[in-house]
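In the two assemblies presented below, chain A is common to both, partnered first by chain B and then by chain C.
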Partner chain A sequence: MSFLRALRRVHPLIRANFSNSRVTSRWISSTPDLHNPEAAAAAVPEPEFRPRTPVGGARIEIQNPDDSVEVFVDGYPVKLPKGMTVMQACELAGVDIPRFCYHSRLSIAGNCRMCLVEVEKSPKPVASCAMPVAPGMKIKTDTPIAKKAREGVMEFLLMNHPLDCPICDQGGECDLQDQSMVFGSDRGRFTEMKRSVVDKNLGPLVKTVMTRCIQCTRCVRFASEVAGVQDLGMLGRGSGEEIGTYVEKLMTSELSGNVIDICPVGALTSKPFAFKARNWELKGTESIDVTDAVGSNIRIDSRGPEVMRILPRLNEDINEEWISDKTRFCYDGLKRQRLNDPMIRDHDGKFKPVTWRDALAIVAEVAHGVNPDEIVGIAGQLSDAESMIALKDFLNRMGSNNVMCEGNGLNPQADIRSSFLLNSNIAGLENADLFLIVGSQPRVEAPLVNARIQKTVRATQAKVAYIGPPANFNYDHEHIGTGPQTLLDIAEGRHPFCSAILSAKKPAIIVGAGLFGRKDKDAIVAAVETISKLGGVTRPGWNGLNYLLLNAAQASALDLGLVSSPDVIRSAKFVYLMGADDANLDDLPKDAFVLYQGHHGDRGVYRANVIFPSSAFSEKEGTYENTEGCAQWTIPAVPTVGDSRDDWKIVRALSEVAGVRLPYDSLMAVRARLSRVAPNLLNVDARERSTISEELRPEFKQKLSMAPFGAAVENFYMTDSITRSSKIMAQCSSTLLKK
Partner chain B sequence: MASSLRGVARVQPNSKTLEEARSRTFDFFKKACRSLPTVMDIYNLHDVVTVSQLRSSIAAQIRKNINVTNPKVIDMLVFKGIEELTNIVDHAKQRHHVIGQYVLGPEGLDKDLGMQDQGSSHFLKRFYETNYF
Partner chain C sequence: MFSPTSRLAAKRLHGIRRMFLQSPSVSAAAAAAETSRSYSTALNYHIDSPDNNPNMKWEFSANNLEKVKEILSHYPSNYKQSGVIPLLDLAQQQHGGWLPVSAMNEIARIIEVAPIRVYEVATFYSMFNRTKVGKYHLLVCGTTPCMISGSRDIENALLKHLGVKRNEVTKDGLFSIGEMECMGCCVNAPMIAIADYSNGSEGYSYNYYEDVTPKRVIEIVEMLRKGQSPPVGTQNPNRTRGGPEGGNTTLLGEPKPPPCRDLDAC
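Entry: the complex of A and B
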């Protein structure tokens, strides 16, 4: 409250200086009783004890009644465990306290002072976010002192905040704007110049206007606590305080885009979205991200037929409230390189647009002209479950069983679900106290899984050991080897790491899906399982043997049984690429006919004879299963481009033209079919526990090759057809991945 | 005042009987047929359509409203027809308007392909038209 006292001291001065001018009447007083707190406090009506709704559905569990305390918020009694803060008590009592620096997922800084409340018997207002509750505390959030304190803080904040709102991208969703409307005064007294701060260059994603910064340090805490990079920091003292990167350096984190969301003002905004739209003109659609296997929950903001931006949606079990930069900024790829007409390759090698009728007829004719077992179907990494089941049914009806999904490697194990899922769940990783990461670089393969590991390591000092090529980690880890030799050493008890795994209470092993492509995959899995048995990684109540998948389609493809081996491509005559751009077609005979169905003119198109345009994830309703086996739905946000159609509809139409009509005409009917093959895909947002049944597993007699593990993802920013055609992602890979 | 009176004075009074409305319709049709050669010239339609095809297209449009018996409504429809005709004869439209509306009709280019889809399911027919069904 020292500044309040200061204000009072200044007050008579101002009056003296301007006593003969009209400025006297400009002394700020939004509520008359501010000048007389005592009288106003006396007038407070008797509090009523109706149950109140906590802010944002806040709830607590009191585990130990002895450790709980009772406090009164505006006279309303609240019980909560010791050690919680005054702000949390207020939230439980249904009082929303204004704040800038406090963020529930970051450490407490207590430097903005916006959350001041009055506590009885305390000499001055207290910062509620940083003050722990004490028994019998009487908190008052509505008194003139609290109001005046907020008004004062607001005035100080606005003193150096530019009047940028009409040209600021945060306008309309700015905490400072909203709170100054509610708590601020209607005029300011500062007539001097505002300070200005040099803008920092944080790379191609985050735009900075540092003059707007209110020094809440949320971004600094986010960078060091969640993203795990020490790139941002605070420089200078007092009014010279600035946020920056110390030296000329970009912010190199795969989660950097999240600082845009947590910055309460417009100091950090999205560079690609700058001046593109106002947030109130956008339509939000709650959907799912497909650029990796995590299945982050997102909101797609669109205006008309255009996706304008992608924001995270809260899901405690998957992405908390963060998303990776690839998820957030890949959306401009949805506007480039799109296929919009069915096309056929002419004799001169050029594509010429045709009608759906002609395209389907030609493909059906070719498909009937080859032997059934020469037909091969490959589903791409962005395929949804509906289209994969349609593809499999279609090919089965054509007499072929060669259906696979790219990325699943040779002879995938699909019978036992626990052999391809992240069994301890993403949120469950927080319970582990030791990690063994085998051939996976979680930071680039699944940034949000990595964020969980980072969180765990930070909170509990869990040990991390890593086997694989040299890789970038943002937490302490021990690089114990590069290839299968180390695995063998551990499995046979020769490695020093064995003692660590034996003494761990909840050890977790994470095996990367990049290893699925290796010839000796089964032997590696066998070795990992030996380690798992040895170290008791799977025990009642804890299954720590995890497989970390790479693509959105992988888990549902395995559930649906798209499991043939990629070797069949050698003798294929008709290849149906359903969005498959990364399938290796080198072994494909020269005279084979390739049908490419997809939304982008990406790698798959080079070899294609016929193109069917289909809709992207932002335009269709589809089921995706993430790496922990949780099925989720995408919801269409924008209309399809040109003459394209949903994937399963194309397969269904083709099946009819080819005379093997599939029995479903609507999405509901396809889902009914799904429920017969893999019922778990219809339990949206639920995780079906995979049973542990080691005994059922076939014995592997394979030789382990000693070749070291490779990296599964070379360029984090460009992994699929959407991100490869995105300009922002191209900029990121050129500036941020510079070696 | 004078100007608004002028506008009002030009409009024909409503037909009193169904008979009168009917004869107005015929008058309109004849007038339209008479202007067809000019229309063919203005919009250079000789290589896409013949006068007789256009004539039957007009007749078809009139027959669409065969069930209307209220003389007031018929008057209104005739009025709309005259307006459209004036627009066409005055060259207030462009060639593709005329072709799109009176030569191809609302089904567009697909009209003559209808035979191909016989025997195919409702799903396939809709699939050819749109993604949204």
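Entry: the complex of A and C
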């Protein structure tokens, strides 16, 4: 309506019209103003110069004042570096330009024409997303010409767009719907038949209704630029143009779900979420993903007690605005196979629900009946820091220090934090110009770290060398070996790769946490460190020696000192599995008592004698540290299931029944305890460097075995108890991983 | 009740619509053909069939491999993908006038891009046929000047004579009819272009037949069927190339120099 007000200011006749008749319908802008833009511009009153808020927190740094230009957006002066676009200038001036094809993380296409603005002395409206700024440019964003140009574009877009918003899943969060509220007409002039397009099968995650497509090509650019899979393309021409794969092909990317978010209309929507809920019914909870060690920032959308969907949240340092398919679609696993009552295994091998009081009493009795040395605690890959410190404190009070976290392997090195973290940080990987990936497949282990490497390779042609089993990469790489022999060759300077690492300015080595399970882990680490010293991988201002962890719990477990060796399981009589489903229990004595505490009836339950139900990450407050050592908090989105409780509360209750009461009764008190053990876990969103010097690291005199490296993740879609119980993930593994 | 003026307007509109609908030259068959107007010979997606699927092996012939090398030598080695259009054209000539999906895959392999980038180009240009065409692919120009001069009648005559629909191949595999946009022969409208794929890329020709009439196009088709080669260019015996009927009427002598300019002084 501001447009109407402006018109009324400039045109006395209209003012008269408005005051006389009570016309409330939208006024069509074919006025003499359009034929005489100078007069219209001259009549605009002096602009106000109070500072404006840039759109979406946009900000710029002008590094070289000589290379900056000043432009005027609706009379408001903006200074910005050369080469930036008119749209960016408008955003800095606090003017939001409507758009469909433009996306800040993708290349500029300039084909939707929705962002047209008027530029003084330009004969036609210009597409602001693709037009670089020129000094002294006078940009006008709310003149009748700009408005009419956008109305024209909108009319053409709506011509072939089915007006099926009531049955469209994008309804309520649709760019086209929102913008047609401003620029659309209330009636159409198009009387022909609308175009219809055949729907494409892109797999079990992305639902397509291609008739709704407005050909912005965001998905095509996303697939080739961010996901690194060249599957989608723009086929045909003119009015017959359509997005497709041409041949029958599923979108085989672990980031494919993001096309749902970037699609400005309802052409690409979530298949599992189809017709489940409207977005305005959902409650969003800002939380953290735990399905891998990246710690992607997510928003859990829930309705009542049910998680309806998971969306990414912007975090430039971790996941930008993407999340992996596993993160996005694992949520249906939260509703299946859940444990909701404490249970005890009967004489006939069946589980019988009991009360918490009975279950705790039995476990406490058994725990006191064994030697303290025979008590073992294993934290699972989804455990939060609070529950792990509670488990460790409890076992310590029982007299045992056999606490570990699965995935950390033999003899974990926890003293120096830089020996298990991604030291150059995820965002810092963009500065590297050479990658050596050792025994890790980032594409399946941490898709968003892989997306960063892909981005770097694409932007700077950084070289990637890979040592490990044959793997699937979505960027150019050189497979230089399969096992430790290649590492030795490089360390001893015999390998052609040595010259590449020596000439690199910022080389980065990424060691996969899958190697932590090997017996010769220390020798591998020693070899990698030799290469690192040789190639100057760690130098002032750059630490390129990285370890890429696999699980959400790994980093905080090492910080908290859950470092005992898995060997202790051979003599265990009482095993406390806190969500540990992948721990190897083959060596466990037959008569050992196993307590499984977790949220899913997964692998850990098979051997359990007693089950304690606990809450999943979507139902509790917990601290998770990601692979770069950044602590983040989850926030409960939905209530817990059945009689389950938070992990640390269960441990606390058990400690009281067992007579070794832990001294904390609230989450704040647990975090106070955390702050004494690992203060960095309370510095949320901060990345603290190791305070201990690298030189203090002990020397290893281990023999390197020549066995080739194995793959750490067999099935990307099923890595933990939540994803293993998810139906969507099962569909993905059966259709997308088909050989 | 409607007002008399609006009733009058409705009547007039009805009359106009009837005038358009009852165009005498348009037969029922043509009306059916017109409802499914499409410019390309195929859908914008691929459907596997025994003679067109990605598992089919497709290679350039030895002769054409030389040509491929020659084509690629025009482009810098890091911009091989620029050669996609000439390579598609070559493949189409070799494969009897159309591009199976395996040929596009082979080209993608040669120019080192993802296959979808080749599919994008092949679907964009209507000159690339992605379904089978006849040995002689007849392309009727359908743009305004030719349409005004009766290209619809020419197309209908061809369709009727050959007994096919648009983009369909005759039973003997000799002919198929497609539509093209303006090929720059408006002065000799109406016109058709005939792509000859009967002898692979060696004997490939692409000729214009201009000033055609419904009778003449059938004669041309019959001559082609008999293996004769009809004269290319204008089919009007009284015209030479783009010149007017009966010889030039203007510009008969040497043009005079510009009047106000002394050329010798320059």
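Operating definition for what follows: the second predicted complex is superposed on the first by the 695 of 739 C-alpha atoms of A that agree within 3 Å, B and C clash if a C-alpha of one lies under 4 Å from a C-alpha of the other, contacts with A are read in each partner's own complex, and residues count from 1 in each chain.
In this text, contacts are C-beta pairs under 8 Å (C-beta built on N, C-alpha and C of every residue); 3 or more make two chains touch, one makes a residue touch a chain.
No experiment lies behind these values; they were computed from the predicted model shown.
Enquirer: Putting chain B and chain C on the same copy of chain A, do they fit or clash?
Expert: With chain A aligned, chain B clears chain C, so fit.
Enquirer: Would you sort A:M398 into first (chain B), second (chain C), both or neither based on which partner it touches?
Expert: In the superposition, A:M398 touches no partner, neither chain B nor chain C.
Enquirer: A:R357 in the overlay: touching chain B, chain C, both, or neither? Say first, second, both or neither.
Expert: After superposition on chain A, A:R357 lies in contact with chain B alone.
Enquirer: Which of the two partners, first being chain B and second being chain C, lies in contact with A:V537: first, second, both, or neither?
Expert: neither
Enquirer: Once the structures are superposed on A, label A:A712 by its partner contacts, choosing first (chain B), second (chain C), both or neither.
Expert: Neither: A:A712 stays clear of chain B and chain C.
Enquirer: Going by the touch definition up top, name the partner, chain B or chain C, that contacts more of chain A.
Expert: Larger number of chain A residues touched: C.
Enquirer: Output check: A:T640 vs chain B and chain C. Expected answer is one of first, second, both, neither. What do you get?
Expert: first
Enquirer: So, A:R652: does it touch chain B (first), chain C (second), both, or neither?
Expert: In the superposition, A:R652 touches chain B alone.
Enquirer: After the superposition on chain A, what is the angle at the C-alpha centre of chain A formed with the C-alpha centres of chain B and chain C, rounded to the nearest 10 degrees?
Expert: Nearest-10 rounding gives 120 degrees.
Enquirer: State whether A:D665 touches chain B only (first), chain C only (second), both chains, or neither.
Expert: first
Enquirer: Just checking: does A:M114 make contact with chain B only, chain C only, both, or neither of them? Give me first, second, both or neither.
Expert: After superposition on chain A, A:M114 lies in contact with neither partner.
Enquirer: What does the superposition give for the shortest Cα distance from chain B to chain C, in Å?
Expert: It is 51 Å, taken between the nearest C-alpha atoms.
Enquirer: Check chain A for residues that touch chain B in one structure and chain C in the other, and list them.
Expert: Shared contact residues on chain A (touching chain B in one complex, chain C in the other): none at all.
Enquirer: Once bound in the complex, which stretches of chain A touch chain B?
Expert: So the residues of chain A in touch with chain B come to 355-357, 615, 640, 644-646, 649, 652-653, 656-657, 661, 665.
Enquirer: Residues of chain A touching chain C in their complex?
Expert: 198, 200, 224, 230-238, 240-242, 244-248
Enquirer: In the complex of these two chains, what residues of chain B are touching chain A?
Expert: Touch list, chain B to chain A: 113, 116, 120-124, 127-128, 131.
Enquirer: Which residues of chain C touch chain A in the complex?
Expert: By the definition above, chain C touches chain A via 38-40, 43-46, 48, 54, 101, 113-117, 119-120, 123-126.
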